[in-house]
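The following pair of complexes shares a single chain, subunit A, combined with subunit B in the former and subunit C in the latter.
For the complex of A and B:
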């Protein structure tokens, strides 16, 4: 029972990090039509930027803010400099996936060329641990969970109650129709890149904080988990991504308590494949 | 939102490929004698990226040190020696094309070093087929009795290192042992011999956890280890894995570390830096021991070695942390010896072709009756020039190659100081290891 409760706690932390990343990823995909596989690489670039700042003696939470801003700007540049020109030339979705895969390698190995191939850690006090039953969480982990809840709530408010959120939803649903209705879709798309880039930066730093040690390729496997959460919830569905993150986060950590832990990611994908078999559009995706 | 199921499948497949994406830097190949005056390349075939990325720079540091000393002593048969990196990413699938590219893209390759357990099984046959001499840092037992004529090894089989770890646990009076090894080939080879040795020593295996080196957290594994109440954890999971595990164990164990026994691969500056950053230098160093091959820390061979290596500080790409740690790193020491042995064999045979100079590596390493013992490339080269038979003894101590070109050393026990310097705190006798063997 103790290990079950402990693994639930671990699952919540994993789900929190995953949720921030997955919501950003799915919003980006839903509104911009780009399945940006370079998302994980941008995350780790943000994490390393915060590391550089942290190594200069600055608090990592300030590094987090800088990474959020930098990844936001970087994502806008990535779109305007790379993805958008390809889209204007009528590149197919699969071509865009390959382009994003290329960007992944460029960014990831670019970071590695600068930072080296070894792992690094932030200088950060974990704070006192909180024990509740079998749950053991550090103050930093509680902050990560709190940040995730704030992001989820903020995303809900944005999409449900703001003009921008409604414009994003309209653009995601039907770009041409949205444009004909007077929505400046290109502007909405740029803002979406900025917002989701910010989430990407946030996810990168809290991922690195949660992992403890990280290197330039640390998000390779995590990107697969992001994709699992996104597709489990339904591609383009922000609420689906939140739900998917919780399911994947808990499934991986709880299963690790009872089977060989190295198979925990297999469990995540078994859950995903089973779900896609029953509901191909995902948990909250629109059925045709 | 407008994504169809088939496309979903393709995308997931493509994304999955991400985890195996490869990169390789290449250096030269070619197995004949190098043209007069051309630089002769020593290729460091090892991981420079991925979880074991610390290994490549460690070997490169020894290459820089050895080749610099050789060049200062006049080079080899009119050739200067240079070092190049060949990144295997620690993955056999990436290693083979990287090695093939190395052979295809250059003509003055004189020696290969590195070839760790991560990639040795796949690249050794390829390098051997190209008739290129190699000094490999693999302990895999498959090389104990399979003859590759161009393969040389100055490190013991992994199973002996497993015995060494258990012997350290015995010395420190630990009884309940937890194992936590990475899921890479190089780390997995330790597990079965370690379990057998634990049983033979009358100790208890508390738990055996396999760590996925690509995973980002090991909280569940850490919790399982803590709940098994071990006295000590034996581990090798390089890259971010071990530091992450240590940090999570400390967190979940009420801020207390559990003692750790690592392998010789943990004696490297990047490992110390990562582990100390994860749990704090004091907590790490007061709970850490590692087995390591006996290396000299004084005497003429060490003096030459340390002078040559430390002169390269700040020049070796990818080398981070306390550079003096490389003086004790098994790869740093034994590959330095390997390069010297190969270079001296070239002088002795008057050829840079491995098929010609290879047999002389064994003669110089094992010596012949009446051979002059020498401790550096310069002094050995002078003896050769004077027409004397030589026996080279480097900082790794005397060598004794068997018919499979394996020369296994003996072990010492290392710890770190809080500043990252390596301290030798004990030795393991052959009798101790034999008592733990199957």
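For the complex of A and C:
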């Protein structure tokens, strides 16, 4: 029972990290139409940036803010420098996904070239543990969960109640129609890259905090979980990604308590393949 | 020493070239983006290893693995190819008909990442992370594998197998079957509508590529004598993709060139970089990966067709002109108006022609209303919804044999949706479709096309990287070379069918005045010319019922009238046409009867003159 509760605790933290990452990924794909496999690489770049700042003796939470800003700017650059030119030339979705895989190698191994191949950890105090109904969570873990809840609430407000959110949803649904209705889609897309890049940076740092130690290739497997969460809810569906993150986060961590932890990704993988094969529009997506 | 280095290089070149040929067959020819390609090389490597290795206890028992059958050469190599192919088959469910190509690619990528993780962590099966070592080389007990003579022979064997693979993929690609694969690559929905079974084509190429990859893995393993998860990380697939893209996707020589430039080149380059200096460990390998990523992105931007682009396949007219031998098309002759004198469509049956092939499925059905000619295509209570939007609501109507039936209606009336449901491109939400008195509601589009129910598309749908001639030939049903086995049987086996199709295509091209463009890429034509190519291609499919979605859109009025005249002539010979068109002058002149749709329902049916007298039709469409 304690193992179960402990794994539920881990699951909540993982789900929180995953939710931030998956909502960013799914909005990015939905609005910009780029299946950006380099998302995980940008995450880890942000995590390493925070690490460099942390090593200089600065609080990791300040590093987090810097990483969020840097990943936001980096994602805008990634789009304007690479993806957008390809899209303007009429590149097929297949070409785009190959380009994004190329960018994954460039960013991920660029980070590794600079940082070396070893695992690193942040210097931060875990804070006093908090007991709640059998769950034991550290203060840092609670902060991660809290941050995630704030992001989810913010996403909800953005999509439901703001002009920008409505413009994003319109662009995602039909880009040319949105443009004909007077929405400046190219600006909406740039803002989307900035927002989702920020989420990506945030996800990278809290992923690194949660993981304890990380290296440049650490997000290779985490990307499977992100994709599983995204496809479970339906690609492009922000609420679907939230649901997917909770399901995948809890499922992987609880399964890890009972099987060898290195197999915990199998759950995410099976869910992803099943969704791709049977219902690629996701649980919350429209029926084909 | 020196010869060892050359042997090493040659073996890696042969193995990488094979892998690139396999990947090119999937990606460059058939358009399957297999991001998990390395899985199949890995499977072949492991298969060859456990077939060749002796039982684990007899091998020092320092590694654990299944199998250990100690089988002699060439069984490990054969086993490698078989296992690579068999393991590829289940992935058909990802690359089958429904899933977007980029989603399928992601699924395969993720599979590669996860399988690597599983093999690393599960030791009993294949010795986990440490991998297998001391794998016996071919005929190691018979010959001394320490001699350079042995190693040279092995090298020659690898190159020979690579040559055989090259011959094999060339033979497939040069055949009508290869043309179908390339048509599917350029536009899979259209290939489907022309009778190509996408699932079967993709499964065949998955298995073919998988077997080639497996064989390459088996050969590599029998040379390096070890195999571990570190050798087949997901990123190795990206290296092969880089090789194919740089060499030239769709070109077999390009794939070999790419293999020599990228994987082999990188092996060689890194060999000369000093490693013992002050450089941090991992720096050089990391930068190599960065370079691979840069190569892919830069090449896709600067020269997406690669160093050696796919070769244009010149067929028919150009050769005929140079030889000034025009015997076959001369029979058709340039007859501007008297279309009836020279039948364009061989299969369109008239009263005297043999009966159409029997429809194999569905319950028999008698035509509802007796009339001048029987109903060949009928929709009964057909509806289609798109997430709550009802595009077609409870539509029933029939198309009579030999008529040129028009379908008009304002934008959003559901005309294209109805056409798509008749052709099988879209499934009906409810209702039934009958063709030649058989229920075909459940048949997929390619099966309907094979029964003679062929459609064209509203948007340009030519196969861009096929020539006009190839576009036409791709639609011909029943070519003996249009199957995997027929392709392997070679040119001699299918040459007869091919020449007959070429003669038909040439006659058709001349008829529509496009013979000068026969060997131009369809993607380079003007909008109007592409429409023509599409109509000709549909006629080449030997249709009995032809569904045309705005065939005259963007076509010069004179040419549109000529197309109309040709269609009328074909209908007189027994072809049935259902045509969506906005140009009412066309409807007035050629179509009888005309069906008017609005808001998802059929409003009226009759001649244009009759429709003009119906107020509801006039209100819905003709005015405003």
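Operating definition for what follows: the second predicted complex is superposed on the first by the 276 of 288 C-alpha atoms of A that agree within 3 Å, B and C clash if a C-alpha of one lies under 4 Å from a C-alpha of the other, contacts with A are read in each partner's own complex, and residues count from 1 in each chain.
One rule holds in what follows: a contact is a pair of C-beta atoms (placed from the backbone, for glycine too) under 8 Å apart; a residue touches a chain by one contact, two chains touch by 3 or more.
All figures in this text were calculated on a predicted structure; none of them were measured in a lab.
Asker: Subunit A superposed: clash or fit between subunit B and subunit C?
Answerer: clash
Asker: In the overlaid three-chain picture, which partner chain does A:86 touch, first (subunit B) or second (subunit C), both, or neither?
Answerer: Only subunit C is touched by A:86; subunit B is not.
Asker: Between subunit B and subunit C, whom does A:266 touch in the aligned arrangement: first, second, both, or neither?
Answerer: second
Asker: Check the residue A:119 against both partner chains and state whether it touches subunit B (first), subunit C (second), both, or neither.
Answerer: After superposing on A, A:119 lies in contact with subunit B but is clear of subunit C.
Asker: Under the stated touch criterion, which partner chain does A:97 make contact with: subunit B (first), subunit C (second), both, or neither?
Answerer: Touch partners of A:97: subunit B and subunit C.
Asker: Which partner does A:35 contact after superposing on A: first (subunit B), second (subunit C), both, neither?
Answerer: A:35: touches subunit B and subunit C.
Asker: Is the number of subunit A residues in contact higher for subunit B or for subunit C?
Answerer: Counting residues of subunit A touched by each partner, the higher count goes to B.
Asker: With the two complexes superposed on chain A, say which partner A:109 touches: subunit B (first), subunit C (second), both, or neither.
Answerer: In the superposition, A:109 touches subunit B and subunit C alike.
Asker: Is A:222 in contact with subunit B, with subunit C, with both, or with neither (first, second, both, neither)?
Answerer: first
Asker: From the options 76-84, 94-102, 148-156 or 202-210, pick the one stretch of subunit C whose C-alpha atoms clash with subunit B.
Answerer: 94-102
Asker: Under the contact rule defined above, give the subunit A residues that sit at the interface with subunit B and also at the interface with subunit C.
Answerer: 35, 37, 93-94, 97-98, 101, 104-105, 109, 112, 116-117, 216, 220-221, 223-224, 227, 231, 235, 260, 262, 265, 276, 280, 286.
Asker: Given the complex with subunit A, which residues does subunit B contribute to the contact?
Answerer: Within the complex, subunit B touches subunit A at residues 1-3, 5, 7-8, 10-12, 14-19, 21, 23, 47-51, 53-54, 56, 183, 209-212, 214-221, 223-224, 227, 239-241, 243-244, 247-248, 251-252, 254-255, 270, 273-274, 277-278, 318, 320.
Asker: Would you pull the subunit A residues touching subunit B in the complex into a rising list?
Answerer: Answer in residue numbers: 2-3, 6-7, 10, 13-14, 29-30, 33, 35, 37, 40, 93-94, 97-98, 101, 104-105, 109, 112, 116-121, 123, 126, 129, 136, 138, 172-173, 207, 210-218, 220-224, 227, 231, 235-237, 253, 256-257, 260-262, 264-265, 276, 280, 286.
Asker: How about subunit C: which of its residues touch subunit A in the complex?
Answerer: 31, 33, 35, 93-94, 98-107, 109-111, 113-114, 117-118, 120-121, 234-235, 238, 241-242, 245, 280-283, 286-290, 292-297, 300-301, 304, 387
Asker: Tell me, which parts of subunit A touch subunit C in their complex?
Answerer: The touching residues are 35, 37, 82, 85-86, 91-99, 101-106, 108-110, 112-113, 116-117, 216, 220-221, 223-224, 227, 231, 235, 260, 262-263, 265-266, 269, 272-273, 276-277, 280, 286-288.
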